[in-house]
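Order of writing sets the chain letters: A, B, C and D. Residues in each chain are counted from 1.
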Amino acid sequence: MKLKMDVLALQDFLRTDFPQVSSDFVIDGLTADLLRVRLKTRDNHLRPGGTVSGPSMFALADVGVYLAILARLGPVALAVTTSCSIDFMRKPRAGQDLIGETRLLKLGRVLAVGDVLMFSEGENQPVARASLTYSIPPERG
Amino acid sequence: MKLKMDVLALQDFLRTDFPQVSSDFVIDGLTADLLRVRLKTRDNHLRPGGTVSGPSMFALADVGVYLAILARLGPVALAVTTSCSIDFMRKPRAGQDLIGETRLLKLGRVLAVGDVLMFSEGENQPVARASLTYSIPPERG
Amino acid sequence: MKLKMDVLALQDFLRTDFPQVSSDFVIDGLTADLLRVRLKTRDNHLRPGGTVSGPSMFALADVGVYLAILARLGPVALAVTTSCSIDFMRKPRAGQDLIGETRLLKLGRVLAVGDVLMFSEGENQPVARASLTYSIPPERG
Amino acid sequence: MKLKMDVLALQDFLRTDFPQVSSDFVIDGLTADLLRVRLKTRDNHLRPGGTVSGPSMFALADVGVYLAILARLGPVALAVTTSCSIDFMRKPRAGQDLIGETRLLKLGRVLAVGDVLMFSEGENQPVARASLTYSIPPERG
């Protein structure tokens, strides 16, 4: 699956189309196989004890797969999340950013599926994994 | 499963233990079978078009099952979300609160499972469904 | 969502189109809100200890939602399972049939979502819950 | 996580403890990072059209993660599946075995989580992905 957008184009798209959340996320890298996206942890992402909240991890996974689809379809797409399954496996390290390693497993005509392994920066063991399905709207021409 | 906490006790617990999010949620009702919790939709829950974001729906489901467990175990519990599967089925209605109808399906010694149907207020068709598993920590003392 | 097929029509459809499994399943009831399907437990569904295996519970949930979709679309449909999340909550009772109470939560143009609560016959507490998504093929003709 | 059992020991364990299914599965390889298990496709795994059925794919994923846990805990373990989420992404190739590439993401005191990518033999694109959680019983003795 060839890439139609690079890191800068994706980051621009986030800024213009998702101004509410774009400042939370930075794209650390993008290849044909892997998109690496970072949640810049702030106070509003935290739960008591200083660890990243579940909804914030969900948001990271959701953004990761969305961007991985966009990188292949180009900025016209308006994919919609239809399902997510997420496993919370370890407590994120307090005060660290969270890195989401995103892989696109399928990009079909109607559905796309991706999965995301999430790590506290600098750690080897994943804190969470998620898989998400997006519905791809019919092409408008 | 007998209830050990009522609506007021749960709402108090939210306020003291989860001050970051407690103002987002109101418990609309609690019986032995059903806990109804409301996400008071605000700007920071919204995506372009005015519909509630995925992470906000995740948060509603997460809080719903957490409170349903707490109502049965009492305020000493510190259950931890271990997994969630969520299906987004319809677009939430812009500007409406979201209601989460939560049922506890299992409350075991180690794991609890609940599910949540989410509705835009005043609508009949669910916008999303979620099921969540919590890990129950061993009793202390 | 009006029903286009009744119990007998569904049972006939299973017999002709899924001869490999149709003898495993009986439809116990069908209304606009609920389809009740029974797995007639046999030796090949069992694991050591006499309880129904995970794959057999998956099969029951899969058949339940498939039939619930079919009942509404009619026998022309050829829906395909795209995802399933399943929670195994209690050990099924040895030697008992398993009953799947199936509800269709969404029947869209492209995707359908249903969920299933599974009970050992005669028991009150569910042994498992599952939610499934089916992809609906575009209409032909 | 060091391995306590090798391929032969695992295969023996399957044969004695799961005689109903052991002839369906062959362990193709095992390292510290990856367990590769094969479903030897037979008629009873197939659906109309000759593709592997959903319950058979579920069974492959379930066995894969079970064996990956066993390889680390040794043959005394009796882990129980508590949840599975599975995405069916492509039609398996008719007449081919299915290969499940299994990774253990967490092996905790109480819960283990693994995921499985499934491929029709000789193909590059996965037909399905699954993640499973097992409950680890408390140690006895």
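Heads up, the rule we're going with is that contacts are C-beta pairs under 8 Å (C-beta built on N, C-alpha and C of every residue); 3 or more make two chains touch, one makes a residue touch a chain.
Treat the numbers as computed from the prediction; the structure is a model and nothing was measured.
> In the touch network of chains, how many steps separate chain A from chain C on the shortest route?
1
> Please name the chain that ends up farthest from chain A once chain centres are defined by their CA atoms averaged.
For chain A, the chain whose C-alpha mean is farthest off is C.
> Let me have the rounded angstrom distance from the C-alpha centre of chain B over to the C-alpha centre of chain C, please.
Chain centroid spacing, chain B to chain C, equals 28 Å.
> Quick one: report the Å distance separating chain B from chain D, using the average Cα coordinate of each chain.
33
> Cα centroid separation between chain C and chain D, in whole Å?
24
> For chain A, what residues touch not just one other chain but two or more?
Answer for chain A, listing residues that touch two or more other chains: 82-83, 85, 87, 89, 133.
> Under the touch definition given earlier, write down the residues of chain C that touch chain B in their complex.
85, 87, 89-90, 105-106, 108, 113, 115, 117, 125-126, 129, 131, 133
> Looking at the complex, which residues from chain D come into contact with chain B?
82-83, 85, 110-111, 133, 135
> Touching residues of chain B toward chain A in the complex: what are they?
Per the stated touch rule, the residues are 17-18, 20, 44, 46-48, 53-56, 58-59, 62, 80-89.
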